[in-house]
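Let me give you the structure first, and then I'll get to my questions.
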Amino acid sequence: MAVDYTPGELMVAVAAREIRDGEVVFVGMRLPLLAFCLARATHAPNAVGLFENGIVRDSPALAFLVTMSDGPNVAGALWCTEMREIMGLLQSGRVDLGFLGGAQIDRFGNLNTSYVGPPGRQTRLPGSGGGADIAGLSRRHVVIMAHERRRFVERVDYVTSPGFGEGGDWRRRVGLPGGGPAAVITTLGLFRFDPETREMVLASTHPGVTVEEVREETGWPLACAPSVTVTPPPTGEELAVVRRFDPDGFWTRDRG
Amino acid sequence: MAVDYTPGELMVAVAAREIRDGEVVFVGMRLPLLAFCLARATHAPNAVGLFENGIVRDSPALAFLVTMSDGPNVAGALWCTEMREIMGLLQSGRVDLGFLGGAQIDRFGNLNTSYVGPPGRQTRLPGSGGGADIAGLSRRHVVIMAHERRRFVERVDYVTSPGFGEGGDWRRRVGLPGGGPAAVITTLGLFRFDPETREMVLASTHPGVTVEEVREETGWPLACAPSVTVTPPPTGEELAVVRRFDPDGFWTRDRG
Amino acid sequence: MSVGAVLNKVLPLAEAVRRHVPDGAAVVLGTALEALIPFAVAHELIRQERRDLALVGPISDLCFDQLIAAGCARRVVAAWVGNVQHGSGYGFRRAVEQGLPHPIEVEDHSNFTLALGLEAAALGVPYLPTRTLLGSDILARNPRLRRERCPFTGAPLVLVPALAPDAAILHVQRADAEGNCQAWGATGVSAAAAKASRIVIVVCEELVEAAVIRSDPNRTLVPGFLVTAVVHLPWGAHPSPVQGHYNRDHAVYRDYHQRSARPEDLLAWLREWVRDPGDHAGYLEKLGRQRLEALRPRSRRLAAPVDYGC
Amino acid sequence: MSVGAVLNKVLPLAEAVRRHVPDGAAVVLGTALEALIPFAVAHELIRQERRDLALVGPISDLCFDQLIAAGCARRVVAAWVGNVQHGSGYGFRRAVEQGLPHPIEVEDHSNFTLALGLEAAALGVPYLPTRTLLGSDILARNPRLRRERCPFTGAPLVLVPALAPDAAILHVQRADAEGNCQAWGATGVSAAAAKASRIVIVVCEELVEAAVIRSDPNRTLVPGFLVTAVVHLPWGAHPSPVQGHYNRDHAVYRDYHQRSARPEDLLAWLREWVRDPGDHAGYLEKLGRQRLEALRPRSRRLAAPVDYGC
């Protein structure tokens, strides 16, 4: 049965499926926050969500959130504390999964949210926030971003949040404890990483998207899984939950 | 007017006079705790007391205390927190004055509360607790202890809580930030330290005690101030306050 | 504190800012992230035309963007500068990209290294070690961060040096006249920031009796003996949220975003919302009672009772 | 947690100890110093004749002395071991001085270095730096502590390696069935100890509904996802105090002090107060209702209301 949904809603549904029941998830804001709410409401009722401001919740926020510090994310939390506590959980390996967004990503999953463009004519982006910490320290992380050729580049201009660096065992060599990116969820498809080379690999295209379209929007010769599948679209139940937590489509309709 | 008092009460009164108004004081237990209460009730109404368990008070405990964690020290505190916060204040130079007890002290004010006696036949004492931290990190500290020849030795068997080490600029050389001992208050007298050599110097003898008696109970050739005075005894007001906080003489009568 | 001393700590906003945040000061603010942002202090700094500030904070939401656009800042030490609700901070971008209104220096951090720098200063150690930022260009390009091998394990570590601002500005729910203060909700790096700083200004929604604080000492965020000044200023964190007092006023962030893309519009926004109202009372008057009331909590949610009896 | 998982966390005392604290485990307890000492767990370890434990804690009051005298411990990592009210711990002294009932190893710390070791493990770093213990023989004789120069300032520092016990035992005022727990009064090194340990056992005076914890999230000491087992055991910290529930029973400390100077007396004390009562209920019965009631708070002292409304 075909259901109408936006790219944002699809990405939220795909992201939610990355959360396993009982996991401790570094949530962040926007689409990952909705994905956490969706996962808890469906297949992962025991997932725990961490926020870098110091909030830990095991239930969805009481109401729609624009920021993680909004009142409905505080009320009913199971712990409100300092950032150092949250970062300590991350650094000590207690966080199973973290979510990240980015402006620019490369072949090995490195993310740039700091400086884009050639020296002298750089655009200044807001910066890391907790992104570099999540990318470095969580057991695995998942990236969610818009898929455009200017964003998917051979090599990012600046590594804010490390993925697999130059590939292979780079993370081990530089000393990063976390496992690195497990998936990249874009407006066009779902990507995994080759277990040896650590290069990004197209795993599935979203409904209606061709592999060729993905290639066109990717700034390097894209590797594909032996059989690229089609991403299962959000179910009616998934959409109902997403719309409950983003009733006006602030995150899933107004933007990608 | 002569007032009857115990050695413990005298020591508390002398210790209280070391606290200046507005100071942040690392209090600990027993006699120093009473000294803090006395100082606040008399000349230092704005002194703030810190306890290593995590308590900060600006008022005396509600009732007699056997330990710093007793209920009356918690209720009405202005802050109950973790040990790290208290130790952080100490290490960052926010503590003006700390109090310490000891089983053994030497010429340069080093304290031993760990191992007494020759190797192989050592007596095991309880250990540092927070003593070594107070001695190392507070801006200045004051020692309170019984004056006996076996306790006042040329060189302690084990430096638990450093005073001036080997004298002179030893503290600077080993890298200790705190100022070291400012006074030693014993059952016999009050001692200061020579600003150059950092050797302990007799400043005043308690009423009825002679310099000779102090020398006899001291295990090294004791230096004396140019004019050794007599310690002013506790006033009636001071005694009244001490007895209010130690009504049964648990700390000031049953023991030294 | 003697009564005189206590009374002297409680200051009007303008006086606290004038006395304790001079030109050139390093100021940490926005320490609870998107909540409890001391916007009233930031606006007062703009009105007093403070110059050459170093702004220190994890993610600043639009507070830093406004200070930068107004020309108050010479340096930014932060993990993220922008508008949390809408992304880019145009004031910040123009300063970095075009040197407008004048060039600023930026010291980039992640949230964790910024927090650790403040923690190190709060704890009185020259640095704290971490495993974050290995392999990141933030480490490569921030000369204050050092990469060293762990003497115990041989593993690579990043050493974050102590970061001790001149002044910390905290907004809290309640404080007494001595500055003993309590806040609830996430506190981010607030406690560390206060202990790391020489000057601490506490802005509170409620100025309470000493007994209120002392009825619940586990709730205390910063003890008064570390606090320099107390400003009693309800709504002082607007448009950011204060749990139990008011919700976030999202419309302000949207309006500022829409009106800051062009520098002349941004300056007009600052004129309209910061300079022309003259002071915080004028700002609240311009917002209007109806708008403020709409931000009030829909219901009370009281903490379960806790008994300190003994 | 699923309902099944939740119910499984709540265990009787004996079962929690049997399942989660095996022979040879490194156990941190007494983390709030003289209050909230999990004496009931210590006594159960004695009754179950646990052996070769490493006992970790800042100052242990007489809890460690009893475990050592009963032959449960092979190693002690602590800053102070004795009887806070009376000084010496005779059980500890005999073990160190005479190897009775068997020799034990002692790793000496100050309170601060013990706290920092736990903090390092809690934060996931191999060590934390400090300026304490420079010039102390604790540093000179503890081979795990290193003296190094600061790479930034050149100043000498002590590096305290991470100390990660196998199990942490915390006594708290209230917890829910998932282990989300809240404590008030000074908390010492409790939070760090829990995060540093693989296993966390929470013993609570009150087992409360999930909603109680969530009504006041700033009060939470340790979140449930770090907690392995929850034991609901009123009076489980006796004779140490629990704010709002009971005061310290000083007489126990005096009695133990008087009856522990000779080893046969100490063993008789343990027989009388630990083994013969059979379990915690038997211990409370032996204490008697009247004695327990006399320890109850004389009055309630409620925390000022806090509103999380939004």
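So that you can tell them apart, the chains are marked A, B, C and D in the order they are listed, and the count of residues begins at 1 in each.
Definition applied: contacts are C-beta pairs under 8 Å (C-beta built on N, C-alpha and C of every residue); 3 or more make two chains touch, one makes a residue touch a chain.
Bear in mind the structure is a predicted one, so any value in this text is a computation, not a measurement.
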Contacts common to subunit A and subunit B (chain labels): C, D
Most distant chain from subunit C by Cα centroid: B
A-C or A-D, whichever has more C-beta pairs in contact: A-C
Between subunit B and subunit D, centroid-to-centroid distance (C-alpha), Å: 28
Between subunit A and subunit D, centroid-to-centroid distance (C-alpha), Å: 40
Centroid distance [mean C-alpha coordinates] between subunit D and subunit C, Å: 37
Where subunit B touches two or more other chains at once, by residue number: 55, 70-71, 74-75, 80-81, 84, 87, 90-91, 137, 177
Subunit D, residues touching no fewer than two other chains: 124-125, 130-131, 155, 157, 184-185, 187, 191, 218, 241, 243, 247, 297, 301, 308-310
Overall pattern in which the protein chains touch one another (line/ring/star/complete/other): other
Complete list of chain pairs which touch one another: A-C, A-D, B-C, B-D, C-D
Sites on subunit D touched by subunit A in the complex: 1-2, 5, 121-125, 178, 180, 191, 195, 213-214, 217-218, 220, 223-226, 308-310
Contact footprint of subunit A on subunit C as seen in their complex: 32-35, 58-59, 61, 78-82, 84-85, 87-89, 92-93, 96-97, 108-112, 115-116, 119, 130-138, 155-157, 184-192, 240-241, 243, 247-248, 250, 253, 297, 301
Of subunit A, residues touching subunit D in the complex: 22, 24, 45-46, 48, 55-56, 58-59, 62-63, 70-72, 74-81, 84-85, 87-94, 137, 177
Contact footprint of subunit C on subunit A as seen in their complex: 29, 51-55, 66-71, 74-75, 80-84, 87, 90-91, 114, 122-133, 135-137, 158-162, 165, 170-171, 174-177
Touch list for subunit C against partner subunit D, complex: 124-131, 146, 148, 150-153, 155, 157, 159, 161, 173, 182, 184-185, 187, 208, 212, 215-216, 218-219, 241, 243-244, 247, 297-310
